[in-house]
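Both complexes shown next keep chain A, but they swap its partner, so chain B is in the first and chain C is in the second.
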Partner chain A sequence: MIVFDKPHALIDVPLHYCPGCTHGIVHRLVAEVMDELGIEGKTIGIAPVGCSVMAYDYFNCDMIEAAHGRAPAVATGVKRADPTKVVFTYQGDGDLASIGMAETVHAAARNENITVIFINNAIYGMTGGQMAPTSLIGQVTQTSPYGRDPKLCGYPIKVCEMLRELDGPEYLERVTVNSVAHVRAAKKAIKKAFQNQLDGKGFSLVEVLSSCPTNWGMTPQNALKWIDEKMIPVYPLGVYKDRSATQEGGNK
Partner chain B sequence: MAKLTFKSDNCKGCGLCVSVCPKGVLRLANDKINKRGHHPVEAAYPDQCVGCASCAMMCPDCIIKVER
Partner chain C sequence: MDKVLMKGNEAIAEAAIIAGCRHYFGYPITPQTEIAAYMAKRMPKIGGTFLQAESEIAAINMVYGVASAGLRVMTSSSSPGISLKGEGLSYLAGADLPSFVVNVQRGGPGLGGIQPSQSDYFQSTRGGGHGDYHMIVLAPYSVQEMAELTVKGFELADKYRMTAMILADGTMGQMMEPVSLDLQVAEPPQKPWATTGTNLSRKHNIINSLSLVPEELEKLNVARYERYKIIERDEVRYEEYRMEDADVAIAAFGIAARVSKNAVDEARKMGIKVGLIRPITLWPFPKAPFAKAAEHVKQFISVELSMGQMIEDVKLASECKVPVTLCNRVGGMIPTPKQVLEAIVAADKGGKL
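The block that comes next holds the complex of A and B.
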């Protein structure tokens, strides 16, 4: 009996990510969800700019490459043009929380019926480890060699907390993939985000705290520990908004 | 007994699978180098494997197939 194998929706090619980068785990979870929901043939993914720019080479569904940060806008167009398709975006923090913040907030405010997978690794990975809007206070990066100073660079942006205040979005959850238990929880969240879209409920965003061993300057194992020790206290895990659950709860 | 199969050429030797295996089955093969230039993972004690698939769940490159 096969207990575990590569999902069909993930193309069998080597990923270009650095050793120990958890992008690969999230790719696999998205592919597993596509397999389980049987939506591979009608899914259209939107790739971002960033480390995951080549996500279009890895998913076994139609993919579009959006301009930097504009994935939710492209997804909006695709979903409105053909509402029978399942549309998801896969974006990093430099893409979604920085240059693409306007598109993200407005897609959420309009409650577009799309699924957003948001990878937060608190750094710009592809360009070589510069400070991102999500970098932690005191975090050393290429452009904050003495640690992020809030007087100069402000404070980290907490996307789930910020979007929660909007009336639009249907579902917001923050998960991580730094242990087997967290990977299982992350898959559940991603599956719910896709199921919400199939049910026509609206904008679902899953924020995944991810590691960047190369630019954090750590071993892959220590990077996973760093998520536990440093990132989760700043970015607490949990469901930030689940509108239909709240409404059902209110009706009881 | 569980059976592990590795696509060793895609392994990047990050060792996440080694660190999460509850039975200490896996190790990085320091005497081997795959075509990407990494020391790939191998099952040092395959008969200890219980087929929990923790290694496969944490493998970023999805190179592990687990059968039971």
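The block that comes next holds the complex of A and C.
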């Protein structure tokens, strides 16, 4: 009896992510969902520019590498080319909330029937730890060496809260993966975001608060604690929009 | 089939549909808005997609998505919008994706004006974005050619897995002429590389322009240029007009070539032996007719709606064996046949105007 196995949708190769980075967990959750929904063969994933740029080497489904921030526009093209296919983007905070904000907002406003996995770790990882649009007030990064000062560089962007105001998007939820319970909840949200697409419901985004021990300058354990202590107070977990549930009179 | 009276921009749109394009993405900009308007009306009726994107950047990336899925797709814009598409054009080249792009040029730089121009010659023939790459650049000079070169553009894009661009100008886009839409379209090739889902029956396909190992990236660039050599050998197009005995040769494309043809006819009536070489592909540039003409003409005149861009290719192709002068207007102005005729007369006398 097999009690634990790698998901088929995840290729069995070493990942390039740093020790303690939670990209690996989220990759696995996405792959498990593809397996459980039986959609790997008809799924096209769009990788971003950033730490997960090489996600195309890890997911077993067809993959496209997009220009920085443009994944939702590329996904729009792929989905319009064949609406029977399942299309997801996997993007970080610099990609989705800075250079690609217009593409994100407009894909949401159009209720484009795609799934967006948004990794928010409050920093640019791949380029060595610069300030992200989601970096916290006071957070020390390579480009905010004295801490993020809102007078100089403004405030963290809360993507779920912002997109919630649009009529377009179907489903917005913020989760994290810093504990077993949180990982389970994240899996449920990701599965719903894909199921929504299969049901033709539209734009579904799951924001995952993630860790970056390398660029935060922390041990993996302390990085997971930092999510609880520093990130969640600024980025509360929860469902920010679930249109179908609301329309059906469900709890929100 | 009977001819119909159409604007150049509309002819491009209808020809694209005839070529099998069912996906159009664009962003409003003068003077090419008729293309989007035409597509907005037609696409829903034939099961296609018209989508007004949030930006030129998004539009070219939607093109990237449909091209990845293996279907014929296009976008159109005008000069400032093409600059925004530059990033996407580079990525399309890096990922070896076929796409079809229209630039109905207007005067620049910056916001410039909305009147005709040819000042994006450098931008389009040298690639437009970052990195080593080319696009196939087609320069129509009539509404009929707007239609025919559109079909050709889709075919070449698929054949060589690269972007084909129509480089027109505001005049070409706006003017109306009778056009025959009885266009022959070759069947698109199979695209086994497309990301259409593995169906769990093959290894996953990856559309990508990232290559972090320099030895591998070098190989990819060299292989792409081997493909370009084939295009330079097989796909060059041009028209020669009254060149057989010419002492003076004009180089002109698009609207400048139409003006120049009138000037050539007038000069011939005056007994001046002048001809015209009209590049139809701006990349690959038709080097051979210029090299041949350099053996018997005493001067080339490059007639352009720019400060002199194609003139550099004329000098290169003719190896500067004879003088090459410029006859131009810019900023949305068009040279008159009289201005070109004066340049011809001056060249025939051996002087520079």
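Things worth noting here:
Everything that follows uses one rule, which is that the second predicted complex is superposed on the first by the 249 of 252 C-alpha atoms of A that agree within 3 Å, B and C clash if a C-alpha of one lies under 4 Å from a C-alpha of the other, contacts with A are read in each partner's own complex, and residues count from 1 in each chain.
The rule we apply is simple: contacts are C-beta pairs under 8 Å (C-beta built on N, C-alpha and C of every residue); 3 or more make two chains touch, one makes a residue touch a chain.
Keep in mind that this is a model prediction, so the values were computed, not measured.
Of the two partner chains placed around the shared chain by superposition, neither chain B nor chain C is touched by A:I119. In the superposed model, A:A66 makes contact with chain C only, not with chain B.
By the touch criterion defined above, A:V208 lies against neither chain B nor chain C after alignment on the C-alpha atoms of chain A. Legend: residue contacts after superposition of the two complexes on their common chain; A:A189 is shown touching neither chain B nor chain C.
By the document's definition of touching, neither partner reaches A:A55: not chain B, not chain C. After overlaying the two complexes on the shared chain, residue contacts for A:K42 are found with chain C alone; chain B is out of touch.
With both structures placed on the common chain, the touch criterion links A:L96 to neither chain B nor chain C.
In the superposed model, A:T22 makes contact with chain B only, not with chain C.
According to the touch criterion, chain A has no shared surface contacted by chain B in one complex and chain C in the other. Interface residues of chain A facing chain C in the complex, by the touch rule stated above, are 40-44, 46, 53-54, 56-57, 59-67, 70, 73-82, 85, 102-103, 105-106. Remark: chain B residues 2, 9-10, 12-16, 19-20, 36, 38, 51, 53-54, 56-62, 64-68 touch chain A in the complex.
Remark: chain A residues 1-6, 10, 14-15, 17-25, 28, 179-180, 183-184, 213, 219-221, 224 touch chain B in the complex.
On the chain C side of its complex with chain A, the touching residues are 23, 25, 49, 51, 53-55, 57-59, 61-71, 73, 87-88, 91, 95, 195-201, 204-210.
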